[in-house]
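One chain, chain A, appears in both complexes that follow, with chain B as partner in the first and chain C in the second.
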Partner chain A sequence: MLDILFIGLSLGSILLLVALGLAITYGAMGVINMAHGEMVMIGAYVAVLSGIWLKASLLLAIPLAFVVTALLGLLIERVVVRRLYGRLLDTLLATWGIAILLQQAVRLEFGLSFFGIHVEGLGAGLQNVAVPAYLQGTFRLAGADINAYRTFIIAVTAALTLATWFILYRTAAGMQVRAIIRNPNMAAACGIDVKRVNAMTFAFGSGLAGVAGVMMSGFKTVFPDMGTTMVVDGFMVVVTGGVGSLFGTILSSGLLGEINALVAIGTNDILARAVVFGVVILVILVKPSGLFSFKGR
Partner chain B sequence: MSIERKFQIAAYVLFIAVIFAAPVFGDEFWLNRISKYLVYGMLGVAIALTWGYAGILNLGQGLFFGLGAYMLAMSLKLSSLTSLQQGSDKPVPDFMLWNAEPGAPTELCCINKGSFIWLPFQSQSVGLVLGIVLPVAIAGALGMLVFRKRISGVFVSIITLALVLLVRLVMVDAQPVTNGFNGLTDLGWLTIGGIEFDPYSRATYYLCAACLSLTLIGARLIVETRAGMILQAIRDDHVRARYLGFDVSLYQVFFFVISAGIAGVAGMLYVVVAEFASPTFMDLSFSVTMVVWAAVGGRSSLLGACIGAILINMIETEVSETEALVEAWKAIIGLIFVLVVLFMPRGLGGLAHDVLRQFIRRLKPGTAPSPLQQQSEAL
Partner chain C sequence: MVFNRREFLKTAATASAALALPALGSRAFAADAIKVGALYSQTGGLSVAEKLLANGVMMAVAEINAAGGVLGRPVEVVVEDGASDPKTFSEKASKLILKDKISTVFGCHTSASRKAVLPIFERRGAMLFYQTHYEGFECSRNVVYSGAVPNQQLSNYIPWIVEKLGKKKFFIVGSNYVYPREMAKVSKKLIEAAGAEWVADEYLELGHSEWAVMVSKIKESGADVVLSNVVGDSIIAFYREFKNQGLSQEVLPICATVTSEIEIAAMGAEYAAGSYTSFPYFMSIDTPANKSFIDRFRTFVNDPKAVTYHSLEAAYFQVFLWKQAVEKSGDLSADAIRAGIRGQTYEAPGGKVTTDPDNLHCWLTPRIGQWQADGQSKVVDAYPAPIKPLPYSAYGETENNLFCTSNGLDAAKLKG
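Let's look at the complex of A and B:
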């Protein structure tokens, strides 16, 4: 039983890393970023490429992926999302277009395949990343076999969540983000540079997704389309937890991860996902504002 | 009748005339392809109806399309030759026999645990009726739940999105009954009143063209009724509409159901034209793609959304068949999405509207729109 709960916890951790980024971009900026899943994908490819070209281990890929995806997020915010503030559903459509572009960019090896240049590690094929030896295997804890890599995932997620919490609630920049979540116009009137803070928020969320991608590359195959399911799962978590609530996002990602793991053990993976979707629909129907949304303004 | 309205009617008439005249220009393979685009055009109308007029962004329209498709496909599967030539006198889908346990009776009732739900589909009319009734019933039930609770905006989108993915997964998981990922292939032809609808025949093309024309005209008429006006009022300010005494959720449910019905019919037509039904109809990407067609064509213009769907699919086929761009066509489509949302938020329909307005102003210098009208458009 403990080992199943543990698997659920690790699934929930990955979900949390993806959802944190979505939660802050959606909650703070009113942007639905459908290209967020592609950040996960690109993070995973950073792990693949750094393994092939730099001979770097998974550990080094984590900061690398954060920087790459954060910069990419910044670029997307500057070029596209910035023009769409206040048009929620348009951000969804435009970022969907970006998601397709990014998928194709990886599949076409950034367009280099047109010139007959092949970049090893990119392209339409499946990729795998080797987990370092000290993270392989299992150890016994309270009578259950605990997978070392899954423990690593949980630890990294916990660290990043703590960092996010610290930035949001203990720094001046976080204060500005929270002010924007509550009321962007008032925040702007108080002299907060909303555009700059938004861009930074977007970049930070993208960076977290990139790290989630590195984590995922350790136990799943990496391919250009992998992001789409991630963004859907991420939104489920954000909506279930309550938009704008960091605490809700954490709890609901744990909850959905556990439901997924428990049903998957009893039946199969496909049905487990179906049950998760069903639970999300029920939650929205019963509590449209999410399980842990903060009370009004 | 204003000049603008005359132009609008002319556009509808012209469009319908063009699609009915199309068979003159091409061979049967081309016609088959165009039939598919017309089906997509119906989906564009369905999206424009809910999104543009009701303000409900349904990210799960593929559910209604897929259900319509599967209902008819099950009927057509049982009337295909491969289902009949299985040794028993009653037709049985071939995939069920391949996967049957040894010793299982080759009868629909009990070849596997769920196969009895195929029994009613031995009649094609059951499939035809269910293909529209089921989407409508589900949309009605969902609409009652969602709109009565005053759930709106993104939350409706997330519910519909989750629902379509849920149904898709259940369909895939029910492999013995639905053939899972493979979907239903090798279907028979639809027969109505003695006419067989060969997918490569003109009859099938005209069936699609007629359905699309009826959908367009019907949808246009219904948004111009009192109910349609109230719906647009709800879209613009649902609180005020509620205070004025309108049963907001009732109108939303009504139009949601109509849109689902259109998608159901489109699904059935697609099965007739393409001869397969697949779980990919209920993929997230297909549902979002439909929304993008409507966005490119113009979400608040029924004809625009329809033309948008047809146009994008034409471009897509054209580009994907150009040798140099085979690999890149998807990226090009992605780029079009981004550019349209950024620089043409009202789509082709909005563009046409502006051009028309300029044209009318030149034609009759005295009929410039009043400041109030301009203001309402700016909003």
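Let's look at the complex of A and C:
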């Protein structure tokens, strides 16, 4: 039983890893960031490239990916998203376009392949990242075999969640973000520089996605399309948990992860996914604004 | 990362000339060359694999042209992009056959795309050369199948696993579509015939990459061997999770039917070391012909680390089978090619291949490879000679009782 719960926990933590960045950008800024999955993909490619070019290990790739994707997020916010605040459907389309551009950029090696220039590690092919030996295999805990790499993912997710919580609830910047989540106009009236805070929030959310990408590169294939399906999973968690609620995001990812694992063990993975979607539909039917949401004003 | 200006200008000039050519309607060239189609995904999710296959075809054509062409005429390839979408495949197949008046198309990779173009080839009387190993259960007078069918991957594999590896309990796992399900059908028969049993038969969505639950099920099942019909990038996540959950290929080997040099390179060879795959061709086949093939392919795609694998080899040699058929009949019509190709033999990089006179599938040599730490396989077992393709083996087809004959499918046998 413990091992099933552990699998559920690890599934949940991967969901949370993807959803965390989405939750704060969607919650704070009302931006549906369809390029979020591509941030995950670029994080994974940072791990691939830093392995090839810098001979860096997976651990070093984590801060590296955070910085790279956060800067890219900042750029996207400055160039495109900034001009579209308050236009939900427009941001959806624009970020979707950005997602396609980013995918193609990686596939065409930033366009260099047109000139016959090949950048090792990029391109249309499948890539992989070496997992350090001490993270491979299993260890025994209370009579169950526990997977080392997944434990590592859970630990990293926990650390990131804690850091996010700390920034949101224990710093001045976090207070400003929370004020903007509640009421952006009032926050602006109180002297908060909404544009600057939004840019920082977007960059931070992108950075989290980049770290998620590094984590995923350890057990998934790295290729240009890998991010596309993840956005759906991320939004599933955000919507179920309640927009803008960190606690709701954590709880719903854990819940959906455990449901997935339990149903999959009892039946199969295909049915499990259907059941998870069924639960999400039920939740938003009963509580349209998610499990934990702020009261509207 | 060398940027050669002259090379770029040359490419650009050729490309613009090629684009301008149809507009000019240059008759002299069009009349001379024999046109064939290459219909593969150049874009989209399947392009990774299918571009390689297109390269295999292009390389064969380049070699044929360098050696004087077919019937003294150069071969010109009209490349179309199937865009990883069966509907686009069928549109482009119509275009190649109707607009370009092409009677032979090399192409398609997935069964979905092949099924989508099949009616067009049959109705319009053109020939498709299809190189990928597939589930069988098809009998068309308009397709030459140069890849393996289930009996050519499994008929030596299952008995070998039971006898030589001493395994008795199979866990069958696959992606959820027709190929893995048909492979499972054939393997269940063979497993029972070999005196072993299967404890589970499980499927995951195509492209699924979360293997935690499945691997834990395999662990609990009491199976002593895994038969994997998993395809695509799911394979990589599967082997990685298998090792990460502490399972060892020595105790519980994965015996696969799809995992090739491509996936091994993509997952990192250490994750697959010790596992097995059954294919008629492996990159490691140690013959001068194969070594030369690998060298030529690497030069052709300008990548010194490029890998070759079963479908690529088949994509390459099927062009030569076509050439021989055309030269035998002296005609380019589908009927002539079909007549010419029956029983046609060619020395492929992996050994002798023959087109079966009855069902137009190829006689291939089943081989079992064990993956090594360097990402290459060691051939641990092989048939001494190519064996007959039986596309309906899951339904009881045997060499003495053919379902698919030169007259077409005997549907009565399928029901019985």
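To be clear about the criterion, the second predicted complex is superposed on the first by the 295 of 297 C-alpha atoms of A that agree within 3 Å, B and C clash if a C-alpha of one lies under 4 Å from a C-alpha of the other, contacts with A are read in each partner's own complex, and residues count from 1 in each chain.
Throughout what follows, a contact is a pair of C-beta atoms (placed from the backbone, for glycine too) under 8 Å apart; a residue touches a chain by one contact, two chains touch by 3 or more.
Worth saying up front: this structure is predicted, and the values here are computed from it rather than measured.
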Contacts of A:Arg273 with chain B and chain C, given as first, second, both or neither: both
Partner chain in contact with A:Ile265 - chain B first, chain C second, else both or neither: second
Chain B versus chain C as contact partner of A:Tyr85, first or second or both or neither: neither
Contacts of A:Ala94 with chain B and chain C, given as first, second, both or neither: first
Which superposed partner A:Ala148 touches (first chain B, second chain C, both, neither): second
Contacts of A:Ile32 with chain B and chain C, given as first, second, both or neither: first
Contacts of A:Leu108 with chain B and chain C, given as first, second, both or neither: first
Doubly contacted chain A residues - partners chain C and chain B: 268, 270, 273
Complex contact set, residues of chain A against chain B: 32, 34, 80, 83-84, 87-90, 92-94, 96-101, 103-105, 107-108, 111, 113-114, 228, 232, 235-236, 239, 268, 270-271, 273-274, 277-278, 280-281, 284-285, 288
Chain A partner contacts - residues on chain C that touch it in the complex: 1-4, 7-8, 11, 45, 47-48, 51, 176, 202-205, 207-214, 216-217, 219, 233, 236-237, 240-241, 243-246, 262-263, 265-268, 302-303
Chain A partner contacts - residues on chain B that touch it in the complex: 57, 145-146, 149-151, 153-155, 157-159, 161-163, 165-166, 169-170, 172-173, 284-285, 288, 291-292, 295, 327-328, 330-331, 333-338, 341-342, 345
Residues of chain A that touch chain C when the two form their complex: 3-4, 7, 10-11, 14, 112, 115-119, 124-128, 130-131, 136-138, 145, 147-150, 218-221, 223, 225, 229, 261, 264-265, 268-270, 272-273
